[in-house]
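Below you'll find the structures, each written out as structure tokens.
In the two complexes below, chain A is the common chain; its partner is chain B in one and chain C in the other.
Presenting the complex of A and B:
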């Protein structure tokens, strides 16, 4: 069975803007993560939005908390 | 191909026919919106509930756009909105009542929502120009509805019992969806096709099959039923034998029935209409 993953959502309002982190969604696959992100964070008229699984990020200085591990895995 | 810029450019009989098709689309959008709304608070996750809410709002918005066009087709918007009985609605039987399970809702999302989108798709390419612009945003929003359906189909196919439940749910509405595009000599669609307003029923049906066929095929649904096959190039095409018992070309649905009592009250706003002085 596909397991639920946390996806980080980034978006920008105009092409020249930097992406900003707008939130997260939890989804069983990438297709649903895209849909959930677009429908959950629709308060602005976004030029571009992307999602990435939280566990695809690599820790740089903090290796256990607060970002790269799902809260549910922390015990 | 002649282009039509307003309803008055159309021959009278064809104006009536196009208005009828648009009314069927508007009624289906409104009822489908209710079906999505049924699951806002019962969806498997918060995100899935938000998606139902968003899709419900989209469908009601699409319905509103189309209803508002109908006054130019000799329809009375107030009569359409508040005064029809169940047998006056042109929605498919698949949205008459609540989807009893989540897989049933995903089947509606995959098969029926896509059928409506395909119909708008071909209207947007047809010779009636006012629909071109109005369909664009609608079809953009519908891309997410389809992705939602595919995402949840994938999810259910990997879960215990989910695949059988989804296959059963799709099987239950398959024939209603596939025949909605009409018979080859459909009395509503064929004259509209002669004017280039829409393609022939088999062309529109083939476009629907091309979208939903791959998922239906994974479910073992279409192939087993003998109603769908893929040609040498792997394109999904309709086999000639469809089931038409009980079909009403004028109602674009099974002849008998209509929205159930609760759906009718919600679609007309019966409970709160007394609060609106002029309604």
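Presenting the complex of A and C:
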């Protein structure tokens, strides 16, 4: 059984827009995370949506949850 | 070690400070936030089986599509609240699949059967209006950043549910006779349910952590009045009877019965002469209504089937 991970969901409405953080989903793998994100955050007709596992993010200046989940970031 | 004391945090959030992570919280703040998010998540979740029960009575393919779209939104909203809870260390599996059904925190109104299309659209008009009233206030005022952002989607979609309800109760009012009667019968038991949804009046409730920590902006009575001011004039315009009237001097809507009073879930009837204490109302809520078990079961009954297939 694959364990669930948290994925961060980013989207933008139009091609010139910046990405905005629209929410999170949990999923057992990347492909289901894509499906769950698209189904859950369907409040707009997004031009582009991406997902990434929360633990793939590294904090740059502010070392706290949710983006400081990698111990190594705290160095 | 908390960064702030309760008093410091209360002062800061009243001045506009936005809490972004647990480090910014106190234990009391976190406790109040968890209660609020649990009520929110449970309400959205249990609205889904309640609406689905009535959606099976949808009169056409188009109406079935709108009803199911609403149910899908509600499940998405529940997921947002439960995800925020999970980030606060609450076990989502326990929340969804292991809690006693009676421990769910949704309003008593969603423990009742919704038996036909008229009841579904009346629920959209009254209960989704209550949802917007409560969550709109949280969206505007909450000191918790992740919730404020999460509610942007919720607010957009709840408006659609509300419009769905209002358009349909208008349509059935205009049709008259049996259609209008069906909505009236629904209003007879659902309107007081909506009034009770907002909880104890302000003069009975002296301390409110959600207000102190700015997890919401308006008091119970202010929220109830906002709901009444939207619902009652619409019912009056459409020729439906509800036990409330607008006072033209004060601009307030006044109830024509003593709150709170007893409800008979078997007969689906309010006993307006049988007044209660709020303690008795809380007891009724805690005992839950007739559909509590069935609704909770219906969202979890197949949960472990796929896990077993994958583990085999």
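We adopt the following convention: the second predicted complex is superposed on the first by the 64 of 75 C-alpha atoms of A that agree within 3 Å, B and C clash if a C-alpha of one lies under 4 Å from a C-alpha of the other, contacts with A are read in each partner's own complex, and residues count from 1 in each chain.
Everything below uses one rule, namely that contacts are C-beta pairs under 8 Å (C-beta built on N, C-alpha and C of every residue); 3 or more make two chains touch, one makes a residue touch a chain.
Not measured: the values here are computed from a predicted model.
Chemist: By the touch definition at the top of the document, which applies to A:25: first (chain B), second (chain C), both, or neither?
Modeler: In the superposition, A:25 contacts both chain B and chain C.
Chemist: Kindly classify A:35 by the partners it touches after superposition: chain B alone (first), chain C alone (second), both, or neither?
Modeler: Only chain B is touched by A:35; chain C is not.
Chemist: Examine A:43 and indicate which partner it touches, taking first as chain B and second as chain C; both and neither are also allowed.
Modeler: After superposition on chain A, A:43 lies in contact with chain C alone.
Chemist: So which bits of chain A does chain B touch that chain C touches too?
Modeler: On chain A, the overlap between the chain B and chain C contacts is residues 1-2, 25-26, 39-40, 42.
Chemist: How about chain A: which of its residues touch chain C in the complex?
Modeler: Per the touch definition, chain A meets chain C at residues 1-2, 6, 21-26, 39-43, 64-66.
Chemist: Quick one: which bits of chain A touch chain B in the complex? Just the residue numbers, please.
Modeler: 1-2, 4, 25-29, 31-32, 34-36, 38-40, 42
Chemist: Can you check the complex and tell me which residues of chain B touch chain A?
Modeler: Spelled out, the residues of chain B in touch with chain A are 45, 47-48, 50-51, 54-55, 144, 147-148, 150-152, 154-155, 158-160.
Chemist: In their complex, what parts of chain C are in touch with chain A?
Modeler: 20-23, 72, 76, 79-80, 83, 86-87, 92, 149-150, 152-153, 156-157, 307, 310-311
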